[in-house]
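Take a look at the structures listed below.
Two complexes come next, and they have one chain in common, subunit A, joined by subunit B in the first and subunit C in the second.
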Partner chain A sequence: MIEFFQILIEGALVGLVYGLVAISFVVIYRASKIINLAQGEVLVFGAFMLWTFTEGAAGVGWDIPLPVALLLTVGACTVFGVTVERTIFRPLIGQSAFTIFMAGVALLILLRGLAQLIWGAESRSAPVILPEGAIEIGPFLVNSRLLIGAIFTLVLTQALHVFFTRSRLGLRLAAVAEDHTTALSLGVSVRQAIGVAWVLGTVVAAAAAVVLLSGSILSLEVAVIGFKALPVALLGGMESIRGAPLAGLLIGILEVLASAYLDPLTNGAASGVLPYAVMIAVLLIRPYGLFGWRKIERL
Partner chain B sequence: MRPTGIWFQSYAGEASVLQTRRSRLWLGLLGLGLLALPLTAGPWLLGEMTHLFITLIAVYGLFVTVGMAGQINIAQSAFVGVGAFAAAKFAGLGLPFWLVVPAAAVVTGLVSVVFALPAARVRGFYLALTTLAAQIIFPIVILALPMSWLGGLVGMPVPAPDLFGLNLATPTGFYYLAFVFAALAVWTGFNLPRSRFGRALRAVHDNDTAAGVLGIPVTRIKIEAFFAGALYAGVAGAILAYFLQFVTVSSFTLFTSVWYLGMLIVGGIHTPLGPILGVVFVTLVQESLHTAANTFMQSGAFMGGGAVFALSSVVLALCILIALIFEPRGLAHLWHTAVTGFRLWPFPRN
Partner chain C sequence: MRLKSMILAGATAFCLAGPASAETYVMTASADYSGPFADVMPDAMAGLKAMVAYWNEEVGAGLDVEVNLNIHDMRYDSAVVAKTWPAILSSENPVMHLGFGSPDLVTLMGRLPNDKVPMLLGTAMVGLVWKPDGWHFSIRPTYSHEFAGLFADLQAKKGDVLKIAAVSTQTQAGFVDQVNGVKQLAAQYPDRFEVTSVQWADTSPVSLTPQVRSALADGPDLILVGGTTAQVIATAKAMQELGQSVPIVASTHNGLYESSKGIALDQLDGSYSAFSFAAPGKADLPIRDVFEKYKTDGKWGLITAQASAQAILALRVLENAVAAVGKENITGQAMYDALMANEYSEEQLLGALPSLDFDTTAPFPVGAIKATAEVVKDGKIVPADTGWIDVPQLEKW
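Now for the complex of A and B:
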């Protein structure tokens, strides 16, 4: 029984990390109506920037204190997000869903290729930012890195939720997510919204990279997390910030249960397929997710 | 735009793909040239051309699903993989070659229908996500199935194709094999938009609500669009399996799917000419990058194979983005503009 609860706790913590990555999807969608497929690559870019300012800089003899390195990373992510918005998504405002989708796909392979050209394909150790080790709570062992990440996720969720539902700018972004043309006719700047969306999205992705990778291995393959978080974002609802961590919890717990009890029977496939099976089920049964906006199609 | 002095006395003439005798002549010359290529070309060029033809078949499948019906499909490479594995399995069971290819195509089509079913509920981007799920699930499932079924991690050998006692397992044989099927793909690709089914696809592409009002069964047409596109993928996969003589999961990645889509977009998604131009252009770019990287390496500079791959994906991504932002109608439109300008010279176009 203790083992079962231990599995549940691990699943919940990993699920909240998925939730954090899913939030970076939702933030971009909620402010710009773009589902960014390349979010995994954006996360890898954030992680590599952080590596550059910590380990990379230390490697060439510059020891940057950690808080400054974090600030530099946030700055670099901001510049990166603005660049993506300016060069790729601004010219495509008002284009069809297909065009936006393909731009996301192109961005995916562009960032993958650029990351490989700039930093190389070999894997390296990621900087240790969050404390390693485990805390004992009663009979259970809790990974302290994931625990801090989970608390951070919950706080960030609430903060972003307040931002999007209470602040003036947040409400304007929501109008853009509803419809570009309507937002423009109401005097809302779609360009500004997409810019803000990308900056928020890249910064959240970098934060997720910190939680996910602190003290472990950093390589190009980490980008797969983007495709794992996509079902989470869909299940929670693309417009719902608070839905993302909840869906993350659900999928994380289901995934560890599948990997503990179904994988021995299915040769290891069950936990890998599960998020996507959930995604297809969500699309079939409730395409707008648990807490998304229900849209009415008009002619 | 036709040159002046050409008119038609029947509707069939007006609607035909090749309207003038000269265009028929050019096509005949091109066909003869491609048929005569094995007489002069070495095995390397023949292999490249075979690859190009196989890619062309897969991209025509995408043209049907994405270009004509407007349903985003980012799993074409997985569907090609399904075709390849099905062909390997059937050929391993001892089925004759002429039966393996259609059987593999039908199996692929049926698999694609499973992932097209959400089309009944969702559209656009969300439908694209189910095909993304198909692409990601494909290797997981193949690797998890017992080794004796589909080879698992190792892969499956494919016996040499053999058509009524004629051995096709030579570079020339594979070239002609791929050529015949590519010609079939091009022929169907050019004729499909003129058929009843093709017009239904076009209507669904333009506005599916309005198409439903006109009496077109929208959900069924969307699923059929996926089925038809996957038939091409299945044929491409079967020929690829014979050509490679060994199929493994690692040949059918998300990146290959993106390459297929990229070729379609760069070429132009709305005309049947697009896939040809896109495939040829992207293959040329890729090959010249490879050649450039090779000479670069021979001159002593360090450049790993991974860097060449990274560089070619950056170049392809830039091609897609440039096409999307500056010329969404692709190379086919540029070609059309150039031909029209040439015909009307010295008068300005319009």
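Now for the complex of A and C:
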């Protein structure tokens, strides 16, 4: 029984990492009505920026203190988010959801190429930012990095929830997500909302990169986490900040249980298929997700 | 006018009476300067170039044959290979292509018999393409053969059944094939090897702790991680988290050098990288001396050793082709015939490879297949004390 609960804990911690990435999908969608398929690539960009200000700078003799490097990363992510919004999505304000969706596909391809052009395709070491190893809590072993990531995810979730539901700016963003034209007619700046959404989305993605990659290896392949987190965001509901970590918990736990109990019977297929099976099931039964708004435009 | 004509005629006669010019043949090579192997590619290509320079000066000059090595950036991308190869074929007329990895393999293997250009890879083969009558070959057997060689050595030292756990991924057929080959090993030699479990995971996993815990529950002697570098690192970190230390066995693409980018080597102490060309740090390695003498750039290491081994075999094949058909008549067919008709000794290959023999039944060396390994010892990567290990014979899986 202890082993069963140990598996549940590990699944929950991994699931909250998915949830953190899913939050970055949600903040962009919630404020701009854009499902950014390139969110995995955005995360990789954030990770490469972090690498640039830590390992990369150290490699050329500039030892930047970690807090400064983190601040520089946040700054770079802000510039990056604003640039993407200004150059790609601002011109599409008022266009159909399909047009914006296709722009997201184009962004995915563009960012992959750009990352390769700027940093190269080789794998490299990611800086150690979170503690390594595990701590014992009663009879259970808990991964320190993932535990800190989980706490960060929960705190961030609550903070973003308050921002979106209590602050004036957050409520404006929600109005933009409802409909660009309506928001404009109510005097809400759609441009500002989408800009803020992209900055939030890129910074959250960079935070997810820290939890995901701390002390590990960074490569372009990491972007695949985006497609792992998209079902989580859909399951939670694309407008629900608090739905993302809850859905992440669900997917993470299901995935680890499938890995432990079904993979041996299915030659490893069950845990790989499960997130996507859940995504399809959710889209069929509740297209708006578990906690999403009921009005979602279907492509 | 007459004087000019006489001078011209005299010059022409002088040229015709002079020594015949060397025959020049093109070997093409696939590189990956902008894909996943971009960081190691300069060293890999340095290995090819150094061997060609050596051969042209010390062997080709005597045969009156010169090799031009044309390198193409295929970006480790099948689409790039597919669109580049026809132009290479028509404009460069290569007598042999030095391939790199599965994009070359899957894209070209079907057409090479018609193109009449043999391809020699430096990367290991996979059982999926273990088919007869191809024109694609590797200097190395399958990954599973290489693992099997190391496992045989470890099993002999243990004296009991070697318990093998595996971590791999279902997302790439080649990685599944590695595991299938090792399962075949255990099926053929049940008194020597046992696959205790196979844990399937993402290529870039968030954590492998549950999978590694499950694998360790069976008390394996080692964990085979033949997939990605991220998996090797996640496996090592999971064991650290669980307070366990079981040797990891990886390949070359995800081996000890690559993994050391993400984890300190002392955390991989006792772990192996298995392959089938001479370990770069091996004592008394003639090909390393040749590289150091003829290199124009790059540094000696695992990928350089692999590429140098690939090039020296290709060049020895050319020597045999010249001997068989004459220096003026070298074609892809002549190269293929020379590869099939001759055995290549370790000495001929400058110690870079064990003695090799090819036939039409497999795209890799047949007969007495051998492997070797590197190991992490005291935080350093050193050649394992195995020398060349005889790989147990494996049936096709």
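We adopt the following convention: the second predicted complex is superposed on the first by the 295 of 299 C-alpha atoms of A that agree within 3 Å, B and C clash if a C-alpha of one lies under 4 Å from a C-alpha of the other, contacts with A are read in each partner's own complex, and residues count from 1 in each chain.
In this section, a residue touches a chain if its C-beta (ideal position, glycine included) is under 8 Å from a C-beta of that chain, and two chains touch if they have at least 3 such contacts.
Note that this is a predicted model, so its numbers are computed, not measured.
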Query raised in the report: In the superposed arrangement, which partner chain does A:S259 touch: subunit B (first), subunit C (second), both, or neither?
Result: second
Requested in this report: Determine, under the contact definition given at the top, whether A:L146 touches first (subunit B), second (subunit C), both, or neither.
Outcome: second
Requested in this report: Would you check which partner chain A:Q116 touches, where first means subunit B only, second means subunit C only, and both and neither mean what they say?
Outcome: both
Query raised in the report: Between subunit B (first) and subunit C (second), which does A:E132 come into contact with in this model arrangement: first, second, both, or neither?
Result: second
Report task. Give one of first, second, both or neither to describe whether A:L171 is in contact with subunit B, with subunit C, with both, or with none. Result -> neither
Query - First, second, both or neither for A:V155, with subunit B first and subunit C second - result: neither
Requested in this report: Report for A:L13: first if it touches subunit B alone, second if subunit C alone, otherwise both or neither.
Outcome: second
Requested in this report: Return first, second, both or neither, reflecting whether A:A58 touches subunit B, subunit C, both chains, or no partner chain.
Outcome: neither
Report task. Please indicate which partner A:G215 is in contact with in the superposed arrangement: first for subunit B, second for subunit C, both, or neither. Result -> second
Query - subunit A residues contacted in one complex by subunit B, in the other by subunit C - result: 116, 121, 267-269, 272
Query - Contact set on subunit A toward subunit B in their complex - result: 35, 37, 88, 91-92, 95, 97-103, 105-110, 112-114, 116-117, 121, 227, 230-231, 234, 266-269, 272-273, 276, 279-280, 283-284, 287, 297, 299
Query - Touching residues (chain side subunit A, partner subunit C) in the complex - result: 6-7, 10-11, 13-14, 17-18, 116, 120-126, 132-134, 141, 143, 146, 212, 215-217, 219-222, 224-225, 228, 256, 259-260, 263-264, 267-269, 271-272
Query - subunit B residues within the subunit A interface of the complex - result: 66, 70, 72, 74, 115, 117-118, 121-122, 124-130, 132-133, 136-137, 140-141, 143-146, 207, 209-210, 213, 255, 258, 261-262, 265, 304, 306-307, 309-314, 316-318, 320-321, 324-325, 328
**Report entry** In the complex, subunit C residues that touch subunit A
**Finding:** 34-40, 168, 170-171, 197-204, 206-207, 209-211, 213-214, 228-230, 233-234, 237, 240-242, 258, 261-263
